[in-house]
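Common to both upcoming complexes is chain A, partnered first by chain B, then by chain C.
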Partner chain A sequence: MSNTQIATPRQELLYMVVLSAVVLTMPLWLQPFGAAYPDLMQKFMIFGIFAIGYNILFGLTGYLSFGHAAFLGVGSYTAVWSFKLLSMNVVPAIIFATLLAGLFAWLIGFVSLRRSGIYFSILTLAFAQMSYNLAYSVLTPITNGETGLQLNQADPRVIDRMAGIEATSGLPNTNLFGLQGTGYSGFYICAVILILAFFVSLRIFHSPFGMKLRAIKSNQTRMSYTGYNTRPYLLTAFIISGMYAGLAGSLLAMTDPLAGAERMQWTASGEVVLMTIFGGAGTLIGPLLGTGIIKYLENIFSAFNDTVLHNMFSFLPDWLNNILTAIISPFVGEGWQLLLGIVFMLIVIFLPGGLMEGYGKVSRMIRERGQKNVDDGSSDKQHSTGEV
Partner chain B sequence: MDAIFLQILNGLDKGGAYALIALGLTLVFGTLGVVNFAHGAIFMVGAFCAVTMEKILTLSVKVKDPSVTFFDAYKETPYLELWFGNTGSAIIDWVVPISIVVSIPVMLGLGILMERSLIRYFYKRSHAEQILVTFGLAIVLQELVKTFFGANPIPVSAPDIVAGSAAIGSWIGLGDAVVYPWWRLIYLLFSVVIISAVFSFLNFTTYGMVVRAGMADRETVELLGIDIERRFTIVFGLAAVVAGLAGVMYTPVLPPDYHQGMDFLVLSFVVVVVGGMGSLRGAVAAGFLLGILQSFSSMTEVKSIIPGIDQIIIYLVAVIILLTRPRGLMGRRGVMEN
Partner chain C sequence: MGNVILDVTDVSKSFGGLQALSNINLRIEEGTVHAIIGPNGAGKSTFLNVIVGRLAPSRGRVLLGDQVLTGKQPHEINQLGVARVFQTPEIFPDLTLLQNIMIPAFAKRDGQFSFGIFKSLFAERGIREEAEHILEDVGLIADRNKIAGSMSRGDKRRLELAMCLIQDPKLFLLDEPTAGMSRHDTNSTIELLQRIKERGMTKIIIEHDMHVVFSLADRISVLAQGAIIAEGTPEEVRNDPKVKEAYLGGETL
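Right, the complex of A and B next:
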């Protein structure tokens, strides 16, 4: 299951083609699941990017950061400021957000990476809480405190004004050279960026740099005895994942130009940890899978309520219907987080490698059963082929 | 002078809460080697023990109000008042002290249940996995509480007799202007008592001695024929009780809501790290120290020099400590230094 080999260019191409096809046709194949509306698909993409980036740090090096939401927040704030001051075009917003988040990641990573293990987690946690608290208090001129940073009709938007674009009535929309940043076009912008982001992560996974990160995860001491200074590699991974988070934050601001401090709280970092682990940390597809499933289920289950449940079980006798509804209702709607928590615990307990590990186990089981039936003696060869 | 004195009191009081939570956290880490992210949730569950007690004690029935004669007026009257009159009202008034008594067995049971059903399977797994699974557990606990009690803070009041403020200034000759809420003084006292109780339990009883031996060298203790795992289970329960009591006592200070635990968790982890992982004294000392630092930094004089310092001082201290003295203020050499 672990992507330990350097993949051939053909394999990578295959990966990219399949992923692009799956992502770009989402509006079609999500139709039967009732999830083919732009808001939700944008979320899939944005949090997918966030999780891919987080996976580069946690999945490859095993450093568990609880502070990545801070970078997401920085990205959002930067993007909204870019919308306010420069232009409603998303290009500068994305660039500035990614760079600034990278800068933040460099600062925080430089300090946090002096320690490892649980201390690293706590340091990142401390930094995230610091930024969250500051965003709510002293930095209010920049972050607009509890209200959140919003667009305003009277904003300067220097570049837009120079180009002669005036918002005539109401708030201007975010756009990419005329392409709207919301709705379906917004989804496609996010989708293309996700594909690019995935490509970068794919290259990192299969590069010597990625191998070194994996080596740090499996045995950091041996790594340093071999003569590697591990810290620069770790710091690079940290910065890259921070930039991914900033990118995700800027896209979040693109689809909904309102940045609030609650995006930076450490429980928000917990969410990306959840998504990454759920799918399978350290695998390429895992984080995307985890994000998709969690966001999809969140969307489905949080919309449930007692009436919906009653209708769902209406084919049952009344008493059974009532019992079932009573049992299930704490887990849906408002209580969806409860379900998520339970499922997450089960995953960590029984499948620490996430869904991808589960998939690997099942497929291995099927393969072994198949081999038993065929009854051949030369099964040695078979073992190495299945792994990607 | 007055202001400084008050800030010290404030800090000690806040520090008491930090120290209590951090004590439990360290106890679990030192004995079981488990990083427990659900500890904050246990604190929160403790607070909701008090809320539940209050709900039970004030179970009410509608009774005709005799003072209104023109029409039939009804008012909610708790059963306790109906049955026992003034004694009943007094019982309701003393809900927090009663919940302390009730919460001890409840929290002990919860702690033991948690350890037996979940935590013990994670002794051998990595710290990251321990963090993740207890994080999941924390989410589950807080969402359960949210399901039953809703998302809004629920106030629980302290007994009337300690409602006001103590004229603490006149006791020590600082003038009558210096006053401090009774309940928070009690909280401070209470935390000192609990902390000393835990320390005496570990230091002056045979049971505690065995536990300490187990902390130092688990295998040897097991070889001597002692069922150390069972004692560790009890210690986990004890840690839960300490956190739970801290939660119960904190309800009059701050009305509890379901995510209170998460807010305290981060702080208490920082406290543990500053004190030194696995050092009980360190946890307590760091708790009080950080409490005092925080309350001083929230003085307007300090804030006008460095704006926003009150929001980040604790984390800032933690970062500095972690970078300059990796094992914390009082951590033992070699314990979790990396």
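Right, the complex of A and C next:
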């Protein structure tokens, strides 16, 4: 289905069924890739949610925000505070995190959206860096500075105590009404939330509202001469994507109840931009694909080191082994982002629409070849330029 | 005399030292096609920009019916019933033709902002049928699922006209609708404009092509150096010696 056509309810249902099946069976089909352990799968889900939300802003309206990690951070801090003060149950944590991130997004969006293009990006970047620095300085009573906000056995946890739940041995675990927030159950909680988050994004993509956001990206001048006040549309998209980031932040806190300011740094904002563009901004599943691939590669390549490389090339003569190791080692381990940078450059230069554009091109090529075989005389090239 | 739909009183606009418009007074009757002609730099586009709210006049007032347009934003002015086509067609190049038409239809129905993030586009059958109807009118129905940016210049113009028509504006402004078009596209656009004329909506048209002007306009105003130097029926303007002097340089039409 082309993304620019009007989707039928049946297509939407198909989307949801396929996505749910793929996501919920992850522990099975990720097995051969060696990625079927909970920590990594949780990351796929959480950053997937982050990217889906980011895509609603960047993919639909074209407004490139460099500050979305700030909302992720706000979500994490809020969630940890909710664990400390209210309950280890994730429901209040998720609700408060999402709402507070939305409120932050409203404030930052209200100011930043007075400008567009590069000025908008710079404003969001400035706000995010401000939040990051505040978290390390004046806000230390709330954020606990460099140590990061942690749980404590002596935390009040008002609701839990009222319910008679007392943490007797060690730190309490996050949970969803008894279901653990870590390990496989943690993954399934994240997976279900991702499916819901995807559903919301699907509805937005296929609503008149989503079409208007695309129209803003396409031609903002025409939008205002067509009778639209574009600012509230942009602000709504900004707030929604901020809430997605807050939600992702709260899930990060659920799987690992420790919030640090490094989550708010601009590199974290850059990462979500990268994942979205890598997969295909403005497409429904592109951001998920980008997240999955980048997080997977990060997981593999950042674990590499010289010893691993030496072992890998051990079948080669020593001198060749040493040369290869020397060439490759700057791109793995700590330096894996160097590799990511190169891959990213290749994508942007050759496939500016991301992996989904590549998929579109390949499937079109196959279709055309198939058509040629069936009917050699027909030279109709009536394909649309949209992507899935 | 019919009802006056657009009432322009003493409008002036200067950019620094340049007086782009000086004391423009213009009354346009409902249902007429009014052409504004004049040499390059006469202030025709500036005048349109003042009406649609892109530029604020330095002095003067513009009324649409009994509503004041001066000082309002372009989107507010559109919501009051003013639509405009541009010299270079302003469409949504990344959307399909059908979506290009649906967007102004939504603006007309739902106003300048409507939230509804969970409404289904698919369920908006009424708007879609309306859009298809207009596309049929302008002869683009076969291309409704094509991406607008891939169309020819002439087709983009038709599309832009259709985007304005679906809003059924009280006042329709056309800024050189045939600029940069081939003879063939120009003729088909004139034909389309003549068909639109039968709908009886008020239009202001800026045009260089006299063939277009004389085949469409009920009345003509001649702008030169920011002032209206003549106004009347095409016949009157054609024979006005001042017009010949200022605009045509003695050449006969």
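Keep in mind that, in the parts below, the second predicted complex is superposed on the first by the 370 of 388 C-alpha atoms of A that agree within 3 Å, B and C clash if a C-alpha of one lies under 4 Å from a C-alpha of the other, contacts with A are read in each partner's own complex, and residues count from 1 in each chain.
Operating definition for what follows: contacts are C-beta pairs under 8 Å (C-beta built on N, C-alpha and C of every residue); 3 or more make two chains touch, one makes a residue touch a chain.
Please read all numbers here as calculations on a predicted model, not as lab measurements.
J.: Based on the superposed arrangement around chain A, label chain B with chain C as either clash or fit.
T.: By the criteria stated at the top, chain C and chain B fit after superposition, with no clash.
J.: Quick check on the superposed pair: does A:236 touch chain B, chain C, both, or neither? Answer first, second, both or neither.
T.: A:236 contacts chain C only, not chain B.
J.: Thinking of the overlay built on chain A, is A:349 touched by chain B (first), by chain C (second), by both, or by neither?
T.: The answer is first: A:349 touches chain B but not chain C.
J.: Is A:118 touching anything from chain B or chain C once the two structures are fitted on A? First, second, both or neither.
T.: After superposing on A, A:118 lies in contact with chain B but is clear of chain C.
J.: Once the structures are superposed on A, label A:340 by its partner contacts, choosing first (chain B), second (chain C), both or neither.
T.: A:340: touches chain B, not chain C.
J.: Roughly how many degrees, to the nearest 10, is the angle at chain A when you join its Cα centre to the Cα centres of chain B and chain C?
T.: For this superposition the angle at chain A equals 80 degrees.
J.: If you stack the two complexes on chain A, which partner ends up touching A:225: first (chain B), second (chain C), both, or neither?
T.: second
J.: Taking the superposition on A as described, I'd like to know which of chain B and chain C A:17 touches: first, second, both or neither.
T.: The answer is neither, since A:17 touches no partner chain.
J.: With both complexes superposed on chain A, which partner does A:204 reach: first (chain B), second (chain C), both or neither?
T.: second
J.: Examine A:267 and indicate which partner it touches, taking first as chain B and second as chain C; both and neither are also allowed.
T.: It touches chain B, and chain C stays clear.
J.: Could you say whether A:134 touches chain B, chain C, both of them, or neither, answering first, second, both or neither?
T.: In the superposition, A:134 touches chain B alone.
J.: Just the number, please: smallest Cα separation between chain B and chain C in the overlaid arrangement, in Å.
T.: 12
J.: Common interface residues of chain A with chain B and chain C?
T.: none
J.: Once bound in the complex, which stretches of chain B touch chain A?
T.: On the chain B side, the touching residues are 35, 118, 121, 125, 127-129, 131-133, 135-140, 143-144, 146-147, 259, 262, 266, 269-270, 273, 277, 307-308, 311-312, 315-316, 318-319, 322-323, 326, 336, 338.
J.: What does chain A use to touch chain C in their complex?
T.: 4-9, 203-204, 206-212, 214-215, 217-219, 221-230, 232-233, 236, 240, 384-386
J.: Please output the residues of chain C touching chain A within their complex, sorted ascending.
T.: Interface residues on the chain C side: 52, 73-75, 78-79, 83-84, 90-96, 98-99, 102-104, 106-108, 110-122, 124, 128, 145-147, 150, 163, 167.
J.: Touching residues of chain A toward chain B in the complex: what are they?
T.: Those in contact with chain B are residues 62, 64, 111, 114-119, 121-123, 125-127, 129-130, 133-134, 136-139, 266-267, 270, 273, 277, 330, 334-335, 337-338, 340-342, 344-345, 348-349, 352.
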